[in-house]
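The same chain A turns up in both complexes below, where it pairs with chain B and then with chain C.
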Partner chain A sequence: MTELKSIASPAIQMEDRAHEADHPSSLVAKFGTEQPLKLDCGVDLAPFQIAYQTYGELNADRSNAILICHALTGDQHVFNTHPITGKPGWWDTMVGPGLPLDTSQYFIICSNVIGGCMGSTGPASTNPATGKPWGLDFPIITIPDMVRAQAMLIDRLGITTLLSVVGGSMGGMQVLQWTAAYPDRVFSALPIACATRHSAQNIAFHELGRQAIMADPDWHGGRYVDHGSHPHRGLAVARMAGHITYLSDAALHRKFGRRMQDRDLPTFSFDADFQVESYLRYQGSSFVERFDANSYLYLTRAMDYFDIAADHGDVLAKAFKGIKTRFCVVSFTSDWLFPTSESRALVHALNASSARVSFAEIETDRGHDAFLLDVPEFFDIARGFLQSAGRARGLKSGG
Partner chain B sequence: MSVAESSLPLPGIAPDRTGKYRTDHLLVANMVVAGSRVLDVGCGDGELLQLLESRDIEGRGIELSREGVNRCVAKGLAVVQGDADTDLVNYPDDAFDYVILSQTLQATRQPKVVLENLLRIGRRAIVSFPNFGFWKMRLQLLVGGHMPRTENLPATWYDTANIHFCTIKDFVELCDAINVKMERAVALDLYGRPVPLNLPWWVWNMFGEQGVFLLSRGK
Partner chain C sequence: MTELKSIASPAIQMEDRAHEADHPSSLVAKFGTEQPLKLDCGVDLAPFQIAYQTYGELNADRSNAILICHALTGDQHVFNTHPITGKPGWWDTMVGPGLPLDTSQYFIICSNVIGGCMGSTGPASTNPATGKPWGLDFPIITIPDMVRAQAMLIDRLGITTLLSVVGGSMGGMQVLQWTAAYPDRVFSALPIACATRHSAQNIAFHELGRQAIMADPDWHGGRYVDHGSHPHRGLAVARMAGHITYLSDAALHRKFGRRMQDRDLPTFSFDADFQVESYLRYQGSSFVERFDANSYLYLTRAMDYFDIAADHGDVLAKAFKGIKTRFCVVSFTSDWLFPTSESRALVHALNASSARVSFAEIETDRGHDAFLLDVPEFFDIARGFLQSAGRARGLKSGG
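Let's turn to the complex of A and B:
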């Protein structure tokens, strides 16, 4: 595997990650056997736990709570130092005092999804029946399962209606599921760079990632912890493939072009001669430090299964019939993973349901990842939308 | 020049205002029955939609420019970024009581199709457009030998977004041809104020800088 020699073995100890899965550096809501999570696959998951972070203060009438739904490889650490990587929160461009998701105005909640590996119950968590990690014994979960778990957390926090549910990519799918399943509990919704169903192309990319993981001999049929290993090469390849889909041709060209990495001439080998190769390898190897391979299998599967219309007689508009939620749908011009056409299909369905929907397509060459980056036009509309929702709900400081 | 920028009146003349609102917007708003649902196609920065919502009218908007959409969203309006030529087809039949197309018809690629869509989506349509039969226009073509340019339509022929100019008379003929019923018609002057005359069509066609029409489906 010389071509992948620069994908180093994880620098972070597997024990640290395993510890984080059961005992996260977060707030934890525990649900006992009397409160099972009823999964779409028919299993009642119990006991289970949800790891979450909150920022800002909940106001007296509990009307300023905003739930952030994280993307496939995200977690609850939106606006604080990551406990494993030590890096800043993944959305600190968007969340904070004076930022669109203003922590001085709103009470912001973000929970690790069910099936994740940062403290909410998932395949990396310890199975109480065996004392070992769940691995592939963990039941298959869906986007609606994730949202059902979040609703139980929101109940636990004593919040009836969220001022807004916000998220991009897989997070956007959760936003849409929230509005379809709990329309009365979502005052406003900001689904970003997402779709109401996962496309064939997207399923194909996920399958590529899963096969890379499962082809790694260190995967051991998902029981790598028992073998003291982790399929870091397979997971890194999955991440590399995924990462390409988050960017765009133009962004890659602008960032790397055909420039060489620390050399002037090709080495006539399979070494990472090009900067873009070096960058991808870095993305792969840093990802495996913080992410569980089985979790990646489960979460990509959840996205693949997502199809709101399928749950409503194949008529998308039925999912949103009579909904009072205010929507702001946002897409990015260079996003080919969740292209604008997907967002438009959503907007058409919302229009057909007479929903109160706004839609903007933000011009950027930065691809799907644009929602995580510093894109002022996007911040601008997010801020305006949330402030107007706050005003409509009677928040005093709603701008 | 985008359609959004050409919302009435064009740069050069400040629209007449009656108190807080533009006079032409008030005229349009007065054609809409309270409690109804309205789609404003080419809603700009949402001034008319705000006026409608203040009157208990449920408004939605379509706007071409992303900047316009952002401004509308910040005002709490529901506005979708889109184009009258390509996006009206995606709205279901009878979705609105009124569909408003203000100063945009002449900039569409297929005015007839757009007009038909307006009255498919809405039970009524309110359409306004600059009148190419306005005396100043006629004079410039007749005497000056140039494509007309006015205070409200300052673009040259080669960079104008207005590709399908018509006169009030032409529009009336189109409505007849596609069985659209004209319920109300008003001519406005350069400042968007109603021409205070109740005169034959040819007078309006000569002295109205723009026409505003309340339309419904013919029998």
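Let's turn to the complex of A and C:
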């Protein structure tokens, strides 16, 4: 069956990925045993490292730093060629000279999350106790753990208060966690297409992806590197499930409808007759080249566990009590993974906390993925919000 | 990892399933080489058989017969104990004495679809040319092929015109195909929670399920019976994907929310911490005991290909031109697999064809699955519609 080949690319960069996990093509902040990362599960993780990229220059009074938090399958390579795929940075529409996250004006930082696979310590990293990849011996991490690690990086960089923390989807969760955990260190916050907790439907989609990975015999209980394998088929299926949730029904209809792939009539076979099938197969097979299957398990789990209100007696407003951070909450009308109602609930809680908040519900049919796409209204809002925050903090426009 | 066991039940009834495919615990209509089933793909399928169940009595003038068309994972066991699972019939809330599909009044027929695995000829049946299961040598079938086979069964039963054809989801597609292909043989039609074509998003979900099955090494290119295996892990993942689409976000939230399974605090592991995870794992593992993986491939493909308008110059109304059948179209407000807008488009086309049509858009948060659940408003509408059709056809109330 040719179908199997379509999601089982032979070009998996296993060695490249393994190398990146320990020796990233990035800046690296290393933390020794005297500076453990205190995880929510009770484990002190040490030593550990954080891989990160920066763009632009930190100004003299260290007031122009913006932290970007990446999404589930993102990484620190926001605005440079990706070291494994060779593709452009994942947010080069938003970050760059003259763009809303203006690298000629701001000092932009993005770090790979703890649990990731691009150089921050995670299940693909070498466990110093064994000399082999951590695999499932890596402790379960949470969104607060990711943010705690980022705060240690920001300390290391000598920055007390960030001009802004910005991110979409899982990145938006981190933005919110930053404001809840370190309100005095976040001058402004731009959470995009996210929620303060993961819904049952979102947990269900993640569980589907995890089961697809763990059902792949090449997963070997997470010890696939020892077996010279990678559960690329299960991971590709997990990615396909994710991709369906990132697009709206309308976007899928507009992009593909029921159009056939290079043919006019059905083949009466299990070939990818429809364009949407080819698209999903491609998304699955290209993803497995760059991403680690165990990382996918850990990061989806972290998102599932996320629930800010739960740590505050189930009253969301308490999480933001007395906060001075300026918020701009952005949602997209056709996002069904993080529906705009979730953002509205967040805005209500912020209002109840007397926080400064603006809310932009952007009309688009492009679904959750809109935060990664060229959506001019969104760009204008982000630009204006950051410029306004910069002015309030005494930044001169233009750097 | 205990997780794997949860979707890899050891109690798979492989022999029971194989036996049912050829020798069903049902009535069987056999068609020899002189009566081939003419398939859309160009193949003449012969010999073939249709497994079916009947409930109630056919009246003297053969005017009280109702055909139920089952959904993707349904079968002919509507109102009797299932021969493999031992569970009650799948629609025993709707079918039975005094129920809307009243077995004391109507003669109810339900046949396993062509391509299914419960006794009608499909990929799990023995290919007479090889003495082994058809597997992927079975020709691709379509919704019109299923209906063509059902019409041959109805001929065999000596019934010219059905009082009604009733079905939800893939069953609803068959109902619509019946009215388009055999308008004079369908006195009334009750298509529920369906559409006249499969959307790009629906094709995407099906493709995800197929890739999960085909990625399972136990699938063996569809020849798993020869290997004494069954791709139960891939099929379970496919089923999990299906189940997410059958429930609404609201229904998942009401049923499970973020509630934990038999615990108060997270385990910080990949165990099924959340109830929704346990539920999905159970749905996956119980499904593989009764269903054939290749059948799942064929039936999802048939749904993907379905597009009534495409056969009528892309003008849906033409499919129903001059039709005398009485329609009652039913949709559920929270069904996002077959949104109510699809039913409304169907109703508009029927109106444009001057067909007799009533439309019930039922307010419920239970999602697509509502057609299988205890929804009193839906039952009342079905009961009233069928009674009215019976009166119009001269049936005495009560039999």
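Going forward, the second predicted complex is superposed on the first by the 390 of 399 C-alpha atoms of A that agree within 3 Å, B and C clash if a C-alpha of one lies under 4 Å from a C-alpha of the other, contacts with A are read in each partner's own complex, and residues count from 1 in each chain.
FYI, contacts are C-beta pairs under 8 Å (C-beta built on N, C-alpha and C of every residue); 3 or more make two chains touch, one makes a residue touch a chain.
All values reported here derive from a predicted model rather than from experimental measurement.
Chemist: Which touches a greater number of chain A residues, chain B or chain C?
Modeler: Here the partner covering more residues of chain A is C.
Chemist: Could you tell me if A:G221 is touching chain B, chain C, both of them or neither one (first, second, both, neither)?
Modeler: second
Chemist: Quick one: is A:I154 in contact with chain B, with chain C, with both, or with neither? Answer first, second, both or neither.
Modeler: In the superposition, A:I154 contacts neither chain B nor chain C.
Chemist: Have a look at where A:V95 lands relative to chain B and chain C in the superposition and call it first, second, both or neither.
Modeler: neither
Chemist: State whether A:L316 touches chain B only (first), chain C only (second), both chains, or neither.
Modeler: A:L316 sits against neither chain B nor chain C.
Chemist: Between chain B and chain C, whom does A:L45 touch in the aligned arrangement: first, second, both, or neither?
Modeler: The answer is neither, since A:L45 touches no partner chain.
Chemist: For the complex, which residues does chain C have touching chain A?
Modeler: 1, 3-4, 7-8, 40-42, 136, 139-140, 197-201, 203-205, 207-208, 210-212, 214-217, 221-222, 233-234, 236-237, 240-241, 244, 247, 249, 252-253, 255-258, 266, 268-270, 272-274, 276-277, 280-281, 284, 297, 301, 304-305, 307, 310, 336, 339
Chemist: Quick check: in the complex, which residue numbers of chain A touch chain B?
Modeler: Answer in residue numbers: 326-328, 344, 347-348, 351-352, 354, 356-363, 377, 380-381, 383-385, 387-389, 391-392.
Chemist: Hey, which residues of chain B end up touching chain A in the complex?
Modeler: Of all residues in chain B, those touching chain A are 37, 60, 66, 69-82, 90-92, 95.
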